[in-house]
């Protein structure tokens, strides 16, 4: 068990393994993304009230659901960094933060674009939107902290700590915001109702898109982690070998 | 790393832990006393920020009544935040922080002492002044006590959470703002609950739930936040 | 390893005597520059060890690593034979560190500063503090705000801690800066006294240390 | 003391004054660039403080519309204020400020350079972001341009006045708050005029007067505030 | 007045030669303690003058007064025979001061620091800066962030200013702190060179200055 764990923590092992997986992941993503997009854009019946813009649904929901996963991911990686001092965990956490910022940003943007036709405004201070915005701020805080601390080791541990504290706080924020707003405003259109009202021709492509976007997320995380590994291990023999091999 | 931050076992060390705790508390209060500004400033800042609203927003009493709870809470939060910078920075710069970290006493208690003194200096005066400001903002009289009590429960949380942010950033060149970016989102729940409680009180709604929530958050942050700050300090001093 | 040879190991210590502090195979690099690697040394009771090296050779880094303030290293450090991570509290109770930044708050007076920094280790009385201040040449300055002292006087306030602490191991990073000739004498005497009482001192300085006792040298320039 | 702060006469010195001005400006911008946070943080702080209000006060669009102008202005003011600490403090602590004071160049221009760089870092981004926040606060669309223009005229004044406060307190131990107490009252008029202009714009009232006033204040503070800051710096370094 | 006698005035300077800097009847007290009173001295081109005195005797205060950074004094100071208040710009153009706090920003690199501090006086090229850094032993450190330098290396960055400045008068407050043995040599040579080229140096230090040129001493301890 321990052996397996330390092997998992080895950047070299991860680099090699992920190198094998990457082509498959990319292939899977291309297929699902193509099917999902074509289905979503061309074959889903036009909604009575949403017109063409409702297609953004198929981007918004997958992206938003991934954004929610980023903080827990970073917190787990952070805990591993702090307790076992595993370098790989920190590299993943470091790469996940900016990707998380982008995904959260896209979720906010697509939500806003969708909100315009649906609610007649780009932004409302609704519970879900607000908690998402706050998470966005926290993620930017993590990225800013990382860039502000020069020593990589200290930065790793500081960000790990902040991610853990933030991860405890994200549900609290979500809960308190929800509880704060439901008393003020009627429940928002963000619910599964719309979905269950529609048939599988709506949600099957959605599931496909979710798979595709998850894949996209994993691929970008792996790519940027591989990059980070090469950066940090650039003076170890195996990286030099790779670089030499690529030069030839 | 963080295990020495836990309370110690043997009683001999515990006696001296208390002495060290008291000495640290007294020292920080003494420093604040000597720079009288530290005592006056959170108060003044609180006063000024609150009074920006009648100037910037509207001087209509009805309008002010509606926004009173929120603005007083937001201002209290900002006042706490602004005074946070004093918490570890000077100690970092003159090397006292290293001395603190090298004390054989559990760091948890040392950080707690600093937190408590920070709250006594910056939080408590704000709490005590809040009824006056509430009056100036035409808050309904029913809500005064709620304001005071929620601030009493909430401002320590601001200090405790804030300390984590300061501890994380104490070694960095740029001050203040990165702190705000980290700390403000963390303290948002307290703000929401506190302001909501005051607003509910003006409407005569029941408040038990709010108090329970604030109390729970306070208890949690009292026990966990100093640990996080202690760990953060060890990282920053590196 | 070259190091243990470089340090003029006194023959008085037989292998049977346990060193107070022992470092084994220390390795540290910063900014891709190896500061030291395979650094081994032992510090015995009664010794003053001067860490030497040119600017940037890693003296400060070494001292901070030994105190546990800097964790960017590899290797092991033992206090009385125990790994310092295993019994950190015990180690810290026997340690007194004064770094480049001396830990003197400018708003407090000398007395208030010393009262606090002592309370972190052992309680002291006001009389103790007065005596210590007199020893370091600050008679009459006990209640002066440190902001109103000269650079050397502030340094002296921090050195008064040496007299108030029961710590066995002193780790001092350039404690002689800004001290005048008389101050240097006083400090050198203090170091020798401490060593004479069975303590040990690890000190960096660029000036020629003239202590009336055993003096070993650890030169970091040969490393790297 | 303060007479060297006046522009110099001979042309040879003037050329070199410009070089020194440019070098100081470039240095400060470089420092900010290197700590990317300095660029991001005023913005983030602005964003976060503005979003405290819907959370603390009310999320009702009508309510928010009414307080929009005031809160955006107050937040801009606080964001400028918080970043002020960076203006001279680091230079004081590392001794660069003494070097600046001992330059044969007129101090007026050196201080002006530091002010301009501070505004470019902390004020301008806030101005540029303000329409987004105005949208989120449901400010009527008519008032957007007024908001941007008044902030464009007003935020430099905040930097310039703020600099006086920082210069006066730079040698003191306690940070941030004394500053707020000195600076906020000074900047109050700007806040009042700015917020009023935006509010008037949403109502479709004429704005010429407000712009004229803000412009006059800006012109006055551009020529006088750096002189005051320069004099204050000489006193503080003493 | 006792001072002008104490300073070993070199006979080479006849009364006809004008001193670069002259202080007349300086008086300063801090916290009700008189630091010096009736202090007269002249500094001529080609001289290095070491200001001596025990900790707290007022060396830093004196240097800051001479530079105009501290105005809590009585008496007069002349630069080339003119009161420094009358032609402050002229005086500042000929002055280079490095104090206890050396004026090195930790976020910037060595080069960026030097570029700015030079721009306040005279423009310099990048090649000048490189040469200066090599002279003070920081070859290869031009683009290292100062935060990542050791204490002595930061001190060296500030000393590189000496090589970039055309100033006639150097006022240096304990410039030798944290310098290693080799650094001390380099600085001593710099001082002598400057004096040799008709400049003048006013320097405080507690170590025994060993400059290969004219050295005068001003002892503040005899005062007060």
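The chains carry the letters A, B, C, D and E, assigned in the order they are written, with residues numbered from 1 in each.
Operating definition for what follows: contacts are C-beta pairs under 8 Å (C-beta built on N, C-alpha and C of every residue); 3 or more make two chains touch, one makes a residue touch a chain.
These figures come from a predicted structure and were not determined experimentally.
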**Request:** Name whichever of A-D and A-B has more C-beta pairs touching across its two chains.
**Result:** A-B
**Prompt:** Looking at CA centres, what chain is most distant from chain B?
**Reply:** E
**Prompt:** In whole angstrom, what separates the CA-based centres of chain C and chain E?
**Reply:** 31
**Complete:** Whole-angstrom distance, CA centroid of chain A to CA centroid of chain E, is 58
**Request:** Indicate the whole-number Å distance between the mean C-alpha point of chain C and the mean C-alpha point of chain D.
**Result:** 46
**Item:** Inter-centroid spacing, chain E versus chain D (mean Cα positions, whole Å)
**Value:** 37
**Complete:** Contacts with two or more other chains occur in chain A at residues 134, 137, 140-141, 144, 148, 151, 153, 177, 180
**Message:** If a residue has to touch 2 or more other chains to count, which residues of chain D qualify?
**Reply:** 35, 37, 40-41, 44, 48, 55, 58, 90, 93, 173
**Prompt:** Residues of chain E touching 2+ other chains?
**Reply:** 100, 106-107, 147-148
**Prompt:** What residues on chain C touch chain B, complex-wise?
**Reply:** 67-72, 88-90, 92-93, 95, 97, 99-108, 112, 115-117, 119-123
**Item:** chain C residues within the chain A interface of the complex
**Value:** 32, 71-72
**Request:** Using the touch rule from the top, collect the residues of chain D that touch chain E in their complex.
**Result:** 1, 4, 8, 13, 16, 19-20, 22-24, 26-27, 30-31, 34-35, 90-91, 93-96, 98-105, 110, 237-238
**Asked** Which positions of chain C touch chain E when the two form their complex?
**Response** 30-31, 53-57, 59-60, 100, 137, 144, 148-153, 155-156, 174, 177-184, 206-207
**Message:** Quick check: in the complex, which residue numbers of chain A touch chain D?
**Reply:** 121-126, 130, 133-134, 137, 140-141, 144, 147-148, 177, 180-181, 184-185
